[in-house]
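We call the chains A, B, C and D, going by the order they appear; numbering starts again at 1 in every chain.
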Amino acid sequence: MEQNKDTSKQNWRVYLHEVIFEADTYEGKAFDVILLVAILLSVIAVMLESVSEIKAEYGETLYIIEWFFTALFTIEYIARLIVVTKPWRYAISFFGIVDLLSILPTFLSLVLVGAQSLLVIRSIRLLRVFRVFKLARFLGEATQLTSALKASRPKIIVFIGGVFAMTVVLGTAMYLIEGGENGFTSIPKSIYWAVVTLTTVGYGDIAPQTVLGQALATLIMILGYGIIAVPTGIVSAEMSKVKEYHPITTQACPHCGAEGHDSDAAYCKKCGGRL
Amino acid sequence: MEQNKDTSKQNWRVYLHEVIFEADTYEGKAFDVILLVAILLSVIAVMLESVSEIKAEYGETLYIIEWFFTALFTIEYIARLIVVTKPWRYAISFFGIVDLLSILPTFLSLVLVGAQSLLVIRSIRLLRVFRVFKLARFLGEATQLTSALKASRPKIIVFIGGVFAMTVVLGTAMYLIEGGENGFTSIPKSIYWAVVTLTTVGYGDIAPQTVLGQALATLIMILGYGIIAVPTGIVSAEMSKVKEYHPITTQACPHCGAEGHDSDAAYCKKCGGRL
Amino acid sequence: MEQNKDTSKQNWRVYLHEVIFEADTYEGKAFDVILLVAILLSVIAVMLESVSEIKAEYGETLYIIEWFFTALFTIEYIARLIVVTKPWRYAISFFGIVDLLSILPTFLSLVLVGAQSLLVIRSIRLLRVFRVFKLARFLGEATQLTSALKASRPKIIVFIGGVFAMTVVLGTAMYLIEGGENGFTSIPKSIYWAVVTLTTVGYGDIAPQTVLGQALATLIMILGYGIIAVPTGIVSAEMSKVKEYHPITTQACPHCGAEGHDSDAAYCKKCGGRL
Amino acid sequence: MEQNKDTSKQNWRVYLHEVIFEADTYEGKAFDVILLVAILLSVIAVMLESVSEIKAEYGETLYIIEWFFTALFTIEYIARLIVVTKPWRYAISFFGIVDLLSILPTFLSLVLVGAQSLLVIRSIRLLRVFRVFKLARFLGEATQLTSALKASRPKIIVFIGGVFAMTVVLGTAMYLIEGGENGFTSIPKSIYWAVVTLTTVGYGDIAPQTVLGQALATLIMILGYGIIAVPTGIVSAEMSKVKEYHPITTQACPHCGAEGHDSDAAYCKKCGGRL
C-alpha cells in the first residue's frame, strides 16, 4: 500500500478522487450534479447548432458555448487522469474512451467542417450520473439487466443469424417477384425492405404492388409478428431466473476508476488496487 | 372521533358521502352510473365540437351542452369538498386535481379561445368508475398491475436511459450520413427519426435514401426488434412474482376521499381517519 | 333416455349425427374434409368476385358458384338442425349462428347489392375443422389459450381503460399543438393518430410537423414501446400458471351439438343430455 | 463395422470426413472458416450484381466470380457425397438439399435469365458454420430454441388460425366501409391491409379516410397491440420450462453427415451407423 502513504500530496489526490469519482460526500454529489447539467446543456447546444434557422441567428453564441464546454470537459478529463493512480487503465476503460471522444470533435472541427456534430457522444456520459440518484440500487439493476442479457446472448445470436438468412432469402424473392418498377430495384434494397417489414417498422417508402408480392408480404408480416415472441421469451425466461440480489457499491476504484464493485469487495476487480 | 358526533348535520353528510364516494348502496351505484354517462356524453360533445363541419351546424347546441355539464360537474366538485371532513386533502389528491381540471377549461374559454378542448381531461375521471362494475376485483387487479410496474421501475429507468443515449448517437450518425436533402435536416429531427425507427413505429415521413443510411437503418430496426424484449422480460418476470392476492375494498375514506384500502383496514392509510 | 330409443329413425339420426358432428369415423372425417374444402373454395370465390377485373370476365361463373355453395350450406344447415335432438339450442349456439350467417347474405343480395361480401363470415367456420387434424390435442390447446386469456381479462380491461384515457388526452394535446394545417383537423382524428402511434403501427398518413409536436410524438412512441410489455407480461404470467393438461374429447353432444366436453364426461355440460 | 476396416482408402476418407464435416481438428476448423468466407463473398457478389449501376461497370468481373464460387461449391458438394458412407441420406437431408440448391442456379442461368439471383440461398449455409465458434454451446442453444418452439407449435397454429379468420372478416368489413375510392379496391387487398395493421407494420400505402373506417382501424390496432401478447406468452412459458441442459456434440455422422448427436451417443440417430 505504498501508493497510499500519508503525504499531503496523496491526501489532496484522495480528496479530489472522492469528489470526481464518488457521489457519497456532499462535494462529490455536487460535482456530479453540475457535470450532469453541463453535459445536458452542451448536448442541447450541439443539437441546436444543427438546426439551420437557429445557427443563422445564434451561430456565434453557440460556437462560444461549444468551446466553453470543451475547455471545461478537457480540464475534467485531465483531472481524472491525475487523480487515479493508474491513469492508463482509466484511459482505456469504456468511460475513459467516451470522456476522450467527448472533447476531441471540437478540436477536429478546426480542420474538418461538421465534425462538431460528433459531440453528441457526450450523451453517453449521462449514463454515468445514474449514481447520483439512489445510486446503489440503479447500479444493481443495471448489473441484473446486463447479466440477464449476457446469459441469453448465445440464444439471441442464433436467433439473429436465422433472421438474417431469412431476410436475405425473402428479400431476394420479393426482388424477383416485384422487380425494379415497384421500388425493389436491387437485392440489397429488397433485403432492406424485408427487414423493415419483418421488424414491423413498415415505412411504406417501398411497398409491394403485385398480388403475389402482397401475398408474400402478408406472410412475412405474420412471421415477423410471430417470431418477435422468440427474443422476448428468451429474455423473460432469463430474467425470471435472476433472483439473488447482488449488492453493489457506487465506489469507484481510486487507482483505475473502475466501478461496479461488490459491496464486500476490498480490492478492485479490474486492477487489483485497494479500494 | 369528535368529527363523527351524532348530530343530524353529520348524518346527512355521512349519507351524502356514501352516495358520492361509495358504490355499495343502491343510491351510490346509481350516482356512479349517472356520473359515468355524463362524463362520456360531455367528452363526446367536446370531441364533436372540434370537427369543423359539425361545429358549423350544431355549434350553439354544443356550447349549451358544454356549459350544462360544466355546471353539473362544478356542483359535484363542491359537494365532494363538503362531504369529506378533510377537504384540503381531497383537493390535492390525484382525482381531486383531475376533478378540478375537468371544470376549469370552460371558464378559461371565456378569455382564451380553444381552451375548451382541454375538457377531454374529463376522460381520466372514467378511471374512477371501474368501481361500479365488479369493483373490488378490478381494483385489486389495478393494484397488482401498479405494484408490478413499480417494482420494475428502476430497471425500466436504466433501460430508457440507455435507449435515449442510443437514439441520440444513432440519430446524429444518420444526420451525418444522410444530410438535409434526404429529410434529415437537423439533429433533433434525426433523433426523432431514430425513435420512430427504434420503436418500430415507422411513419415513413422521413426514410433513408443512401445505401449506407439504409444499412444503418437496418441495424437500428433489428436492434429495436431485439431490445423490445427487455422491458417485456422485466415486466413478465415481475408479474409472475406477484402471486399473493391482496384483497381491497372499494370503500373511500370519509375524511379525505382516498381509495384502495385493504379489506381489513380500520383507519385511512392516507389521513389516519377512521373508515 | 327416451330420446335414444331403438327405432330405425333414431338409428338413422344417430348415424347422421356421427357423420356431421363427429370426426371419429371414416365417414365423419371425410365429411369434415369435404366441408373444409367447400368453405375454402366458397370464400375464395367471394374474394375473387370483389376484384373488379375478375368480376368483369368471370362474373357469371362466380355467381353460379356462389349460389351452388349457398344451396349446399343451406342443406347442411337444415341437416344439422334435424340430427340434433334440441335444434333450438344448436341454432342459438355460437357456431349455429355462424352457420346461419354463412348462407343468409346470398339471399340478402337479391334485395341489397353487395351483400354477398358478407359471405366471408364463412371463414369463421374453418375454426371448426381443427378437429379433423390431431383433434383432441388442438382442442385442448385452444382451451388452455382461452382459459389463460380469460384469467387475465380483468387486468387487460384495466389496462385498455388506462390506454384509452391516455390516447384521448395525448390526441387532444397534439390537436392543440399541431392544428388542422398539419393533418390534425379534429380531436377524433388526433385520437386516431395517437392510437396509430402508441400501438407502433405508424401509417404516416398524418405525422407531426412542428418541433413541439415531434417531441411529444417521441414521448408517445417510447411510452407505447414500453407499455406493450404490460399485456405481454400479464399473459405470460398467466400462461406459465396453466400447467395441468385438461384432456378433452372431440365428441359433440348429440342433442345440442355443443363441443369441448371433458374426456370423462357422460352428460353434455350445456344441455345435460347423455353423450 | 466392416465399413471402417483399416485400409488406406478408408483412412483417407475418414480424414477428409474429419476436415469437411467436423470442426474439432485444426484442419477442420480452417476448412469451416474458409468456407464461411467463401459463402459470404459469393452472396455479396450476387447482391452487388443486382444493383444496376454496379452491374454496368463490373458485370464481367462479377460473372467470373460467380462461376468461380459455383465451381468451388460444386467440388465441395461432390467431396461431401464421397466422404460419407451413405451419400443418399446426406443428399436428401436439409443441408444436403441446401448445398445442391446453392450451385444449381448458376447452371440454370445459362437457360433462364436472372436465375442467378437464387444463389442467395447460399446464405442459409451460413447457419452451418455456427459450429466453428464455441460450437457445442450454440448447437445446444439452437436445440433448446427449437424444442421450445416445437412444444408451442399447436398453440401457435390455433392462434394463427384465429388471427387469419379475424383478418378475413375485418378486411371485408373495411372493404364494405371504405370502398375502392380510398384504396380498398378488393377483398384480398383489404385483407392485406388488415394484416398490415394487425401486425403493427403500418405501411400507410392504404389508410382509412372515413370516420367509421378510422374507428374500426383503431379497434384493429388495439386488438393487434393486445394479441401480440399471446404468442409471446406462449413461447415465454415454454422457454422457462426448458431447464435441463442437454449436452450435444458437434460431431457429424461419418455415414450420413447428420448432426446434433447427444454427447453420450454411440450410434447415429438418423442412420444407425457408428459415430
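Quick note on the criterion: a contact is a pair of C-beta atoms (placed from the backbone, for glycine too) under 8 Å apart; a residue touches a chain by one contact, two chains touch by 3 or more.
Here the structure is a predicted model, which means the values were calculated and not measured.
S.K.: Where chain A and chain B touch, do the two copies share over half of their residue numbers, giving same, or under half, giving different?
M.R.: Since fewer than half of the residue numbers are used by both chains, the interface counts as different.
S.K.: Higher C-beta contact count, C-D or A-C?
M.R.: C-D
S.K.: From the centre of chain B, which chain's CA centre is farthest?
M.R.: Centroid comparison gives D as the farthest chain from chain B.
S.K.: Please state the rotation angle, between 0 and 180 degrees and to the nearest 5, that superposes the Cα atoms of chain B on chain C.
M.R.: The best-fit rotation has an angle of 90 degrees.
S.K.: Which whole number of Å gives the spacing of the CA centres of chain C and chain D?
M.R.: 32
S.K.: Suppose each chain is reduced to the average of its Cα coordinates; what separation in Å results between chain A and chain C?
M.R.: Chain centroid spacing, chain A to chain C, equals 45 Å.
S.K.: Hey, what residues on chain A touch two or more of the other chains?
M.R.: 188, 191, 200-204, 228, 232, 234, 236, 240
S.K.: Show which residues of chain A lie in contact with chain D when the two form their complex.
M.R.: 154-155, 157-159, 161-162, 164-165, 168-169, 172, 175-176, 180, 185-188, 191, 197, 200-204, 207, 211, 214-215, 217-218, 221-222, 224-226, 228-230, 232-234, 236-237, 240
S.K.: In their shared complex, at which residues does chain A touch chain C?
M.R.: Within the complex, chain A touches chain C at residues 200-204, 232, 236.
S.K.: Quick one: in the complex, what on chain D touches chain A?
M.R.: Touching chain A: residues 43, 46-47, 50-52, 114, 117-118, 120-121, 123-124, 126-127, 130, 134, 137-138, 141-142, 144-145, 148-149, 156, 160, 163, 188-189, 191-192, 195-196, 198-205, 228, 231-232, 234-236, 238-240, 242 of chain D.
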